[in-house]
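We call the chains A, B and C, going by the order they appear; numbering starts again at 1 in every chain.
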Amino acid sequence: MDSEYLFSLSMREVFMALLSGGSGHGYELKQTIQQEFGTLLPELNSGQIYSTLSRLERDGLVESEPVPDDNRGKRVYRLTGRGRKLIERWVEAPVPGARLKDEFFVKFVVATSVGLADPAELIERQRDEYLQSLRDLDARISSAEHGPTAELLVEGAVLHLKADLEWLDLIEQRMGRRSA
Amino acid sequence: MTTTLVRLAFAGIRSRLLATTLTILLAGAAAATIVLVLEVRATGSDPWQRTFDAAHGAHVLANVPTREAAEALRGLDGVTESADPVPEATLDLRTGGGREPLRVAGLSGPPAVNHPIATAGSADPRDGVVLERSLARVLGLDVGDRLVLDGPGGRSTLVVVGTAIVPNQGRYPRSNPGFAWVGLGTLDRLQPDQGTWRWDEALRVDDPATAGAVADSVVRGAPPGTVSAETWREQRDLALQEAAPLQLVLSMYTGVLLVVVFVVVGILVGARVLEQNREIGLLKAVGLTPRQVTSVFVIESAGLGVVATGLGYVVGSATAPLVAGAMAETMVDGPVSAADPVHLLVAGGPVLMVLVASTWAAARRRTRMSVLNALSSGQPMPPRRSTLVGLVRLLPLGISLDVGVRAFLARRGRLLLLTAAISLTGAAGVFALSMQTALDDRPAGEPSDVPVELPALVYALDAVLLLIALTSLVAVALLSVRERLRELGVLKAVGLTPRQVAASLVSPFGVLAGVAGVVSVPLGLVLYAAVYAVSGGEGRPAVAPWSWLLLVPVVTVALVVIATSVPARVATRSPAAAALRME
Amino acid sequence: MTALLEARGLSRTYGEGEAAVAALHDVDLTIERGEFVAVMGPSGCGKSTLLNLLAGLDRPSAGEVWLDGARVDRLSETALARLRRRRLGFVFQFFNLLPTMTAAENVELPLLLAGRRRRAARRTARRVLADLGIADKADAAPRELSGGQQQRVALARALANQPDLVLGDEPTGSLDSAAAGEVLGLLRAAHARGQTLLLATHDARVAAAADRVVTMRDGEVTRERTLAPSRPVTLPFDPDPA
């Protein structure tokens, strides 16, 4: 269960990390997230936020108490000791570097080995997709409706895509050599 | 290690054939000129020796007041042979404008020693007169013409029966009064008072080295001021004085030529080292010390210098007799080549020094930079705000000229050197024009201070200088084309037409030539005045008319434009696409 | 309406006989007014050759080049030069600014060539430099500028005359990614203002900014793809894991 928490990126970790600085209510969390990621993140509705927080409370990672003198039932949340330990481990653990799982590659190997598709055509179509994605991301950067955090994230994605494109070149080169 | 350095050096020579050839040619021209000067000096003395032998010349030539005194000298110690005393008197020669004093010897037959050698007609005057050759030339008299001599005894109209030379008579008008031979009877008739006669006694001694001592004893045995004696050495020095203006001009031209060559070689070597920035960086990166890198370049240019000196020596000693022949008027036959191997060393010295020094200086500057600096130093900068640049910006220059002048100003050192080279060449032209004017201005019959052969020599040297200057210009133009290949590609891409690109290359040279041409006029006049003064000319020298002098800058610009348009055309043909991708 | 630029069966062979190398073989390409086209491919694929032929900097061995309905591959060098100065702008990998001129003077050059008065040219140059965000470097020498700044000046020079077409040969090829991003942004902005662009590049990011990407290999066009308008991007957060 711990590893699941550690390696899957979800809003749970984001909420817990934001709460590690002290206590806060749901509305504050929503505002901070939107400030950082802007329109890159789909609009969060209050229902989603509160159901995530109550699930964290159910798992004993977060505790809450009602805000005094508030008749709308607003609650203030803070991390439990277990929650703090978990989020500290999450922060310390580096994200794994090598991505040896690649959906395209698996598809490429399987499809070409059984003759389901022309490898060159497969590569070209994938290149179309990568170039289009690159275009989408770059349009995002130049559209100016984003904060510095989101820009960094998109720049990272751009670099990954460029690497993917280079990798396609490499695959094409090796395949071509093998078939020749 | 040394072998490696030498191998690197020779690889450099092979890879830059054009620059190498030019450097050899230019340095060779310098060496040839030096050899020429030395050889002319050496060959000049040779025909005098032959004249002396042919005339059976006098080791000591005494001039005494009486026949008896002359006879007495024939018994002096060491004298092996002597002629009968020859009497002489000074008479007046009637010329178109008045009278000229003339030394006239009375011959009763050819003297046994120091007899005149006929160059035209007969050397025996009989009833006529034999004129010393240079005098006859200046007077414009030929065999068969008549002249009038006045003396205390009357007047005589004599027929010129011949012209002749003797080893002891210098060239008229430098040696003044002139000299002539008549029959003894004619002398006696024109100057009957034999007490005023002087007597020439020609002596030969057993050992020519003792001539000085014999001459001393001739003078010592007589009352002071009455007797003079000339040794063969003094005769030779007198004869060689004729070569002095020629030697002076030759030396001046050697100087000019050496400066021009130095300048051009400096440009070529500097550019070459500049071009090698990358190679220098590479050699240093491989681990050669700056000193070793410098020595690669120095070995390279020293090799070129040795070849150039050899070439120059061959050319110089082959042409020397042609030049020296001009100064042999008072001597027999033409001179032959001296081809003294010492001259090879003397010429090689400065040439090698110039080459090695300029290479060393250029290479040292480069090798001392850090590798990083060396890489960026090749990049020219936009000219900074100087008056010159202000002018360029103000003037409504065409784009081509603007671009070209900027590229030029980016290499100011080279600009200066090139201006110096062209100015000096132009100055040599002004010198030649002034000299020609001096010759032309002389009233008919008036002797000139400028020896007649000088113009031929000066024009020949001017031609050599011009050739060198133009060759260098082509070389420098090619060089700037090569350095600016990429820039020219950009200009083409931006939309300069081939004509504009060519103009951007040629026009700055034209401007430079204009400036240099204007500078060359005063420079040439100063040179001329200096040579005139040193060679003993009096008063203000005649100067070329202003219309001629104005032509100098015009012709300079025209020649420079023609010379540089060849490389410019090459540049417009080179593909822009390739140039633009260079890094 | 006729295409702005059209290449028909364009070929370029270097050398002769046995040693002949075909740098470009039978390439057809059409560029419409206002288009942004990128040519991609590994080095040596012929993309620079193609650009040089289209710009009249080199002559095709076979084929035709048409600019705005007029054939240009047979024009004299002089006529080509006149054509370039008004209708084409260039950006190169190594910037190729004239080292003896300041940034502003480099930008003025095509304006003067097109016949503008000196003062007017100066004003326009300053304005274009300001548009590209380097007004403060107008009087700097090229070698005093960073690579990105030099490429901005080069871009200003290319755009100064509002040419029909701007050609770029690896315009971001010698820049770091930050400078490359800035130059790409400026190119994209020029395109947004209606400037037709043809860029040879192996920078996928530059290619992705184009409307159309032409891929070349061994002197031939192997694929032409038209990119769709950009799609919205969202971050892959799971807002509510089970």
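Note that a contact is a pair of C-beta atoms (placed from the backbone, for glycine too) under 8 Å apart; a residue touches a chain by one contact, two chains touch by 3 or more.
As the structure is a computational prediction, the values presented were derived from the model and not from experiment.
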{"item": "Contact-richer chain pair [A-C vs B-C]", "value": "B-C"}
{"item": "Longest centre-to-centre distance from chain B, chain (CA-based)", "value": "A"}
{"item": "Averaged-CA centre spacing for the pair chain B and chain A, given as whole angstrom", "value": "90"}
{"item": "Centroid spacing, where centroids are CA-atom means, of chain A and chain C in whole angstrom", "value": "37"}
{"item": "Distance from the mean Cα position of chain C to that of chain B, given in whole angstrom", "value": "60"}
{"item": "Overlap residues in chain B, where contacts from two or more other chains coincide", "value": "none"}
{"item": "Residue numbers on chain A that touch chain C, as the complex places them", "value": "8-12, 14, 37, 40-42, 44, 48, 51-52, 124, 128, 130-132, 134-142, 150, 153-154, 158-159, 161-162, 165-166, 169"}
{"item": "Chain C to chain B touching residues, read off their complex", "value": "48-49, 52, 55, 57-58, 77-78, 81-86, 88, 90, 92-94, 96-102, 105, 109-110, 112-114, 118, 141, 143, 157, 169, 174"}
{"item": "Complex interface listing, chain C residues touching chain A", "value": "42, 177, 181, 184-185, 188, 204-205, 207-209, 213, 223, 225, 227-228, 230-241"}
{"item": "Interfacial residue positions of chain B with respect to chain C in the complex", "value": "376, 379-383, 396, 399, 403, 406-407, 409-410, 486-487, 489-500, 572, 575-577, 580-583"}
